[in-house]
Amino acid sequence: MNYAMNYALETRGLCKRFGAIEVTKSVDLKIEHGARHALIGPNGAGKTTLVNLCTGMFKPSSGAILLNGSDITSVSAQRRVGGGLVRTFQINTLFNGLTVAENLAIPVAQRLGRSWKPWGRSSGDAAVAADVVRLMDELNLLALASKKIADLAYGQRRLVEIAIAMALEPKVLLLDEPAAGIPNGESGMILDLLERLPDAMSIVFIEHDMNLVFRFARRISVLVEGAVLIEGSVDEIRKDQRVRDVYLGRRHHD
Amino acid sequence: MKFRLVPALLAGCSLVCGMSAAHADEVRIGVIASFSGPYSTWGKHIKEATDLYVAQQNGKVGQHTVRVIYKDVGGNNPARARQLAEELVVRDKVQYIAGLEFTPTAMAVADVATQARVPTVINNSGTSGVLARSPYLLRSGYTQWMVATPLAQWTAAQGAKRVFLAAADYAPGADAIAAYRKAFTAAGGTIVGELRIPLNTTDFSTYMQKAREARPDTMYMFMPVGPLSVAFIKAYVERGLDKAGIKLEATAETEESELAGYGDAAAGIVTALHYSPAGTTPANQQFVNGLKQKYGQDRIPNVGSISAYDSMQMIFQMIRATDGKRDGDKAMAAIKGYKWESPRGPVTVDPSTRELVQNVYIRRVEKVNGAYVNQPFKTYPAIRDPGTKVQ
Amino acid sequence: MSSMFASLLTVLFDGVAFGMILFLISVGLSITMGVMRVVNLAHCGFAMTGGYLTYALTAQMDLPFAAAVPLAVLGTMAIGAVLERTVYAWVYGQSELGQVLMTIGLTFVMIAAANALFGSSIQNIPVPQGLRGSVQAGPLALPVYRLFLIAVAAACGALIWFALERTEAGARLRAAVDNARMAGCIGINVKTLFALTFAVGCGFAGLGGALGADIFPLEPFYALHYLVPVLIVVSVGGLGSIKGTLAASLLLGLIDTLGRYYLPAGGGIVIYLATLLMLLVRPHGLFGRPA
Amino acid sequence: MNLQPRTLLPAAALPHYRLGAMDVLPWIAAIVAFFAFDTYLSLGAQILVMVIFGLSLDLALGFAGINTLGHAAFFGVGAYAAGYWNLHVSPEPLGGLLAGGMAAGVVGLLSGWLLLRTHGLALLMLTMVVTVLLHEVANAWGSVTGGADGLSGVMPDPLFGVFQFDLFGKTAYLYALGVLFLVFLVVRTVVNSPFGLSLRGIRENTRRMHLVGASVHLRLVAAYALSAFLAGIAGGLGAQITRTVSLDRLTFQLSGDILIMLIIGGVGRLYGAFIGIPLYMLMLDRAAEVNPFHWMFFVGLALILLVRFAPGGLMALDERRRRAAQEGTQ
């Protein structure tokens, strides 16, 4: 490999068709190590589809996906997680009948390779339990440890959604609208969390809340109708007329 | 709360146990039959005939009161049959067991009979050799060998040359086919084809096609009484095998309680069986009229009724012989060679095999007074089970 | 050679006739399971209801066959509608297991009721004279009653297809199948629609039970005996697909009949093996869509 | 950071089915029953066999969330294997039990590998088809299974060479109780373990489980095979106790029955089988004594009402009552 630099995550000419409809059109995305990269675009621009393609929930029609330089296009979704590629969901996808601590013990045990042990405590051993406690402590979830997900408030569930991903200690983390559905006043809670993520972790996130995007992102890709319209730094995007037209446009024309 | 429950239960139990220890002079008979489930017709017939016999004897053998305890096995469930037999012996302290409608349930009870030395009269099991399972087993029914052999002989005597055999694919079916084949070929006839039909069959037309292609002059069928028999015979008529001149022969399939379900399809079928409710002997009149008086005019006995009735005859004889005491060996010694005039005709318990030696009647389904019956027209007297010797 | 060909044709004819009765009994279940997503193990009980009603009307009340069958179908529909609004409504939101439990319980009640009302032995529905016997078609002797069954089932299939594809009510139903909540939002009265659909589904089952009694004899355990083949037809065909149910019925009817003819020893196994393979390859059935 | 994790976490956070007074209750009840109802031990032993069967189903259905209408397949295969072992290999009971378990476990492994890629209705139907298929095979394969007549004359040697299987069912009852205890320990250990937690994770959210990087299919197959193994033990035990094996051990109806009994008690609760199965079997036994012609009506009605008023089974009813009481005091 003679790349001067390989990317944490890269897509090359990624396409996805559902029947005759092309939802992803030759997307070339380059996510650097330690990136804070936002994917923005109007509804239906294909942002979530792109995340689904990267994490292996959809098979691409053509193109390639590279994780830390190696081709993972035909690797199963489950194996990609083992390679350090982890996502969260726009709609909470949690273990609803289990407690918060159990929700976190599952990914921690998985990461520490204890999840096949058919005896002993469900928390595995002291290492798993300690890690679960550390995570909950960091996210201020300790008080909720023994509550079942079904008994939590929406914002708290949103935190658990991200906490499960963090418990896997990913190299690349894809956040699909982490603040979705959270009232404006409470989105600070999510922002705090995002800002405390380790610097070495590469983060790609989809978000509609522009305040959040501009505060947290260092680079932004704008997706329109399945293709990347423009990619650049926060300032470049902020100034770009095309982005204003397409994405923020309506407000200006009113 | 929970702990107060336990002494209460204990007290309740001891009360029940105490009660069952009373009445030293009561002889108990356990009857295991299907009172629920798809085969509940069996249980109904068995219970009615049993109750009739006991009532006709005023519930007594000499000084001894007889009590019958019924247990519901709910179909062909050998595990439950064994459990019920154990309970009858252990809890109800019965001296005799009767009932049992299927070979597997009969076999499941066999070693309880041996262990507890309880004479057990199997009401219905068509397989030869079942009685070898325990020295305490008796059978008040018949075996497939017993009825299929005379039927094949009669068929050959009528000049039939080519017979097609169709039987349900389980042990009595295999016996029926083997018996018929042996007797018919011995009489110089040819078996032109043979079908073992799975028990889960619903549509028989394919098999009718096979039978038709073999161009027999007679088809002999064996199916369990019930939906399979009805569907088989209807398919036989619908396929026009009757019009093509292929005669149909059977054994118990055309029993009177089911005949209404056939409509006109069963008319003319020739069967061989150890009993016909249309028989005219005084013993049979007393039996048939007794049932009608007790349970209504529409009651017609079937193989289950006659078996249950005669099993009580055998058990009452054993009670007489032992003077009501629990002595399985003495009872068994007394029953061997026992002769009596049953509604089915003269019957003897074969001292060597413990099987019944009985008449077999060739019968034809005919309309009498507006309803179909199995009209007997020829008797093969004193048939011993040919299957027991063969094996 | 020609006689072999004639046998093959006869066997094929039997397979088609058997398949068409299966279709008649199963199609209602396919629609209701497709629309309401209820695992309805009591469906054969409705077929049995239709059969027993026809029996009661013909054999016990001496009505002619042609009048008794439609009345029995209407009666089954009424019973179906009442049950849909009561016991079935209780389990719409519940898990598949709750539905299994409730519908098995309902089946038990139906069996016990049939046993109490009509006894445990088989009841015969007398077929009118004109439908008995067989017609000669070349070398083949085709039973009139089976021809009649095929014709009725085909007509029912066509009727359902027309109602679903060409009528306003059918369009509403298809909308409700796709998305019940959305259908409710655009002003479709989902409750009434469901009750009506359920009743119609039961009606077809009742028709199958009444007309098919010659092949599936009528007795209280009918409701359980024929459940397995009916469930197989519905799942192989794909929930909610009329085309699929028809194809699966014919396919299974033919496989079963041909298997029994050419492989009598393994007669019972062939059909289940075929079902296993089909469902492994297409878990959602031949024409089903993933839920 | 020097946290003591276990002290920081409340016990309910990573709930571990701790042994308490309630856990002794079923076993005390079983032993009291042994002395108090010594003429009911045959029925008692059969109930214990079904409780083992129910526990095995709970592992697959309640904890791993595998919807199945085909668990009788494993019970039946275990029964036939143990029966065959007894007749043709060795009448020693423990070896026969293991043979039953192993045979069922292998069938579970193979069928699970094929079937567990599907879910929902397709899985329900496939498991049902496997059962009816095996039923047909058992029916056709007379030389091994005895066909429709089944296997009879199964005569296990005395247990441990000492305890004869007696007519009163004393040995059978205690034998079944011992096996039940061992099976209970296995199931309890597995569902409480990290593996058990991952099974519950699959039950709660299969999609997320994939994206936590867990091998969902492998885990389900492992749980299914273990569950099949335990069901096979139950089947083998039944064969030894009743000394017969018949086709009714391998029917769709038996799958339905065990499902009903387990759901009545409560699914995924470990003790659901201990409540639902004795209740249902005792009810059936009593109904058969009182009025067998109409028992189905009342059983059916009870099931419908149960679904209406106690959707999660009887144990859920108890849970709801406790929760309501808790909320009342707060």
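For reference, chains read A, B, C and D in written order, and residue numbers begin at 1 within each chain.
Convention: contacts are C-beta pairs under 8 Å (C-beta built on N, C-alpha and C of every residue); 3 or more make two chains touch, one makes a residue touch a chain.
These figures come from a predicted structure and were not determined experimentally.
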| note | At minimum, the number of touching-chain hops separating chain A from chain B is 2
| field | B-D against A-D, pair bridged by the larger set of C-beta contacts | value | A-D
| query | Based on CA centres, what chain would you say lies at the far end from chain D? | reply | A
| request: Could you grab the centroid distance between chain B and chain D? Build each centroid from C-alpha atoms only and quote it in angstrom. | output: 36
| field | For chain A paired with chain D, centre-to-centre distance based on mean C-alpha positions, whole Å | value | 41
| task | Just give me the whole-number Å value for how far the CA centre of chain C lies from that of chain D. | result | 33
| note | dist(centroid_CA(chain A), centroid_CA(chain C)) in Å evaluates to 49
| field | For chain D, residues contacting two or more additional chains | value | 136, 139-140, 293, 295-296
| remark: Where chain A touches two or more other chains simultaneously, the residues are none
| task | Among the residues of chain B, pick out those that touch two or more other chains and give their numbers. | result | 40, 198-200
| note | Checked against the stated definition, the touching pairs are A-D, B-C, B-D, C-D
| remark: Residue positions on chain D within touch of chain B in the complex are 25, 32, 36-37, 39-43, 46, 136, 139-140, 147-150, 152-153, 155, 167-169, 238, 242-244, 246, 248-249, 288-289, 292-293, 295-296
| remark: The residues of chain D that touch chain C in their complex are 61, 67, 69, 114-115, 117-118, 120-126, 128-130, 132-133, 136-137, 139-140, 252-253, 256, 259-260, 263, 267, 293-297, 299-304, 306-308, 311
| Which part of chain C faces chain B closely enough to touch in the complex? | 3, 7, 10-11, 14, 17-18, 115, 120-124, 126-127, 133-134, 141, 143, 145-146, 214-217, 219-221, 225-226, 229, 256-257, 260-261, 264-265, 267-268
| For chain C, which residues count as touching chain D in their complex? | 33, 39, 87, 90-91, 94, 96-98, 100-102, 104-113, 115-116, 224, 227-228, 231-232, 235, 239, 265-266, 268-269, 272-273, 275-276, 279-280, 283-284, 291
| What residues of chain B sit close enough to touch chain C in their complex? | 37-38, 40-41, 44, 195-203, 205-207, 209-210, 213, 226-227, 230-231, 234, 238-240, 257-258, 260-263
